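The first chain written gets the first letter, and so on, giving A, B, C and D; residue counts start at 1 in each chain.
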Amino acid sequence: MNPEILITQMLYGCIGLALFLLGIGSFILHEGLWRRLIALNVVGSGVFHVLVAVAYRGLEQTPDPIPHALVLTGIVVAVSATALALAFGRHLEDQNDHA
Amino acid sequence: MLDPLALAVAWPLLGALSITLLPRWAAHLGILAAVGATLSALGVAFAVMDSGSLTSELGGWKIPLGIGLRADGLAAAFLAMVNLVALGVSIHASVYFADSKARHHFWPLWFLLWTALNALWLARDLFNLYVTLELMGLSAAALGALSGTRESISANLRYLLLGLAGSMTYLLGVALLYVAYGSLDLVQVARSLAPGPSSAAACALMIGGLSLKAALFPLHFWLPPAHASAPAPVSAALSALVVKAAIYLVLRLWLDLFAGIANASAAMLLGLLGGSAVLWGSWQALRAERLKLLAAYSTVAQIGYLAMFLPLIAAAADERGRASLLVAWVLLALTHGLAKASFFLATGLVQKTTGHDRIAELGGAAQSLPAATFALGLAGAALIGLPPSGTFFAKWILIQAAIASGQWWWVPVIMLGTLLALGYVFRLLARAFTREPTPPHFVTSARAELSALLLAVLAMLGVGLAARPIANLLGV
Amino acid sequence: MRPPSLLCLLVPLLLLALGLSLGWALGDGLKGYSGERLAEVALELVPESGATHPVTSVLLNFRGYDTLLELAVLLTALLGIWSLGPAAPPYPPPGLVLASLVGWVVPLLIITGGYLLWVGAYAPGGAFQAGAMLGAAGVTLTLAGHPTGGLPAEPWQRLLAALGTLVFLLMGLGLMALGSGFLIYPKGIAKWLILIIEATATLSIGVTLIAAFLGGRPMSLRNRSR
Amino acid sequence: MNLFLFCFDLLLSLTLLALAVAALSSRDPRRGVILFITFGLLLALVWARLRAPDLALTEAAIGAGLTGALMLGAARRAAPRFDSEDSR
């Protein structure tokens, strides 16, 4: 394979891995729904970034559409989960306020 | 061309959608959809028993471009158990939620969970598994929070977040496999899998992420609060089915996908975690003060047994030894699924009638709630592993395999776990059977009690007696 | 509460080690593969899928089953949010400038959504992007103080939110009943089937996102149940 | 090889990482969410560079926009709580 493409894939792929790990670290170390949700979204972005990076096949060639479809699915799943988690959080706060 | 596999997924989804549209008819549509889904799943199981594995390529595109569904013996056995339990839970829930505000919300979410479960047993596409895991995680968390208490919301929020972290970790593993092997199909990737850094990393990520979802010790900490605070029918489904789905995937990936690289020391690590789970979970169950907490910790222990099989399967001398361990694994998992569901449903009856589930105050339950107590007793006996339950045969095979392969240290763990289980079940029954002047509540609701009882009977007698057909189903 | 300091030291070290091995694994995977790429197969079959844009082909035809389940996930999140309780109180009404801005932005977003849906068959765009535009329009309305973000009453919300999944599923089942097989589109009409699925999915995605942003059950149900 | 493009890639990637670190280490919810939205928008830009315009659109609209709006909506409620915790 073209080394230039490989280097680009590797660079962005590693950034994706770094995002994944940063998010996981923050998820473990920090408390509070806020920080955990931001952390999880960064984790997700990291995984998606890896997929986008490996789908890249040079500026001239059409990228691999399959990882792209996976990422689209993943983004929608991530926003669903975030919305549900935030609703959980809001109801906990409400109960705290009433208590 | 009728596709029984697609139908098994489509039925519960159709149920969820129709209830979403017509919430007034929720309970009726619910029972209708539950019966339909169960029949379609049993149809798949019988078809597999008749003619071997079924595969279908959805959308008419060849795997790996299209997504494949597959039902082999293992999947069919679980599909049948899951749908029977889910049917029992539905019948119970139609009484449990009859006059509660939560009923509008229970039914559609419950069928979405059911969709996810059926889709998960049948999936053979690694990314499709991720989607079903998320569907399962979201619907399970939403169902668990239906009791609306602070406790349940915060426990299930934690479950939701950890589940997301687990499935994201799994997805990164899938991404690595796609990079290295250019396919998402489980069977195809397994065929071309070679030892090396990328397959090892993918294995670690996927098994690790799933262990979190399966609550394998020491990642079990989220389970007891989440399962103990949910409404009883939901607890039954979570403990009996949802956790089982994750540990089933661990086994499935371990044996089918990573067979080429899964080495003995990694299996031993998982086995040791399993052994610790058995001891810790059973001990905590013995100390639990509430019935539901007891049941939840007992699930942690049972997941431990299921993980303990891995090093023994790895060390099995020949194909026959391996196959009999696999049968034992399935027997244990099926029995636990049925027994735990029955246990939680019976607990729900106790909680509804007495208004609490504190073990210390259960005195006289045997007089006031004979059916529920009987179900608790039978399910408890199946959890301990008294003959002729499936657990008994499973533990027997497990001990034999441990001795045969020289891994004798599992034997005391199994013994101790069984003793502790005896302890926690009898502690509970002893309480229930004390004679105390309690106002009698005879049959509270025949429908609700019957489903708990039938599941308990199936757990105690059905699985053990059906060991032969199950072994046939698994192709042994 | 601060986490113990040992954890603060140990976790980054572990993650660093994990990162190095993952990087190695990724590099190994990228270099090592030498078989037929799935990408080639997919791109070759795009013309037969009923859409000319590769990503749309994958999402709605090759891997349509994933998309069906994903729409179910979206619905699950919404039903979960509704099960928790009523929506949050509406935002205060906006100032004059914002109000007139909203009057411009919302139609623009909806038109963009329709455009994205239409071009999705042959260019970047499609149901998700179009649904996101509808969602953005509703969020803008909500932020401007509209209590339901432009959504209709509750039964309609239920219908709209479930519509995408329902049409997709019924189409799959209908094709199976007609003898074609679950989600197997006949070649000639694949284009139109995909367009129908995309249009309904767009509506559902948009409505679900708005309703999720509102954060709770629509008010009407609460009033009725009282 | 194209050195200019590589430098551009490197710069983008490092900015992305820096934004992620900033969003993750922020102790103020509002600041954290705004940094996260910025991160999402930059991620969309990177994906556009990687020839994934569909994903760039979706990420900008859903990943950054809607997720951000959801979080900001909740941050609006949590911010007073946070301020009072901070002053304690």
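Just so we're on the same page, contacts are C-beta pairs under 8 Å (C-beta built on N, C-alpha and C of every residue); 3 or more make two chains touch, one makes a residue touch a chain.
What you see is a predicted model; the values in this text were computed from it and never measured.
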item	value
By count of C-beta pairs in contact, the leading pair of chains	B-C
Centroid distance [mean C-alpha coordinates] between subunit B and subunit A, Å	29
For subunit A paired with subunit D, centre-to-centre distance based on mean C-alpha positions, whole Å	11
Distance from the mean Cα position of subunit D to that of subunit B, given in whole angstrom	38
Two or more partner chains touched - positions in subunit B	127, 131, 134, 138, 141-142, 145, 153, 172, 179, 184
Touching two or more other chains - residues of subunit A	13, 17-18, 22, 24, 30, 37, 50, 54-55, 62-63, 66, 68, 72-73, 75-77, 79-81, 83-84, 86, 88-91
Junction residues of subunit D - those touching two or more other chains	54, 58, 62, 66, 70, 73, 77
Pairwise chain contacts under the document criterion	A-B, A-C, A-D, B-C, C-D
Complex contact set, residues of subunit C against subunit B	21-22, 24-26, 28-30, 32-33, 35-38, 41-42, 45, 61-66, 69-70, 72-73, 75-77, 79-80, 82-84, 158-159, 161-162, 165-166, 169, 172-173, 176, 179-185, 225
Touching residues on subunit B, where the partner in the complex is subunit A	127, 130-131, 134, 137-138, 141-142, 145, 150, 153-154, 156-157, 160-161, 164-165, 168-169, 171-172, 175, 178-179, 184
Footprint of subunit A on subunit D - complex, ascending	1-2, 6, 9-10, 13, 16-17, 20-21, 23-25, 29, 32-33, 36, 39-40, 43, 46-47, 50-52, 54-55, 58-59, 62-63, 66-67, 70-71, 73-75, 77-78, 81
List of subunit D residues in touch with subunit C within their complex	53-54, 57-58, 61-62, 65-66, 69-70, 73, 77
Complex interface listing, subunit A residues touching subunit C	1, 6, 9-10, 13-14, 17-18, 21-22, 24-25, 28-31, 50, 54-55, 57, 62-66, 68-69, 72-73, 75-77, 79-81, 83-84, 86-88, 90-91, 94
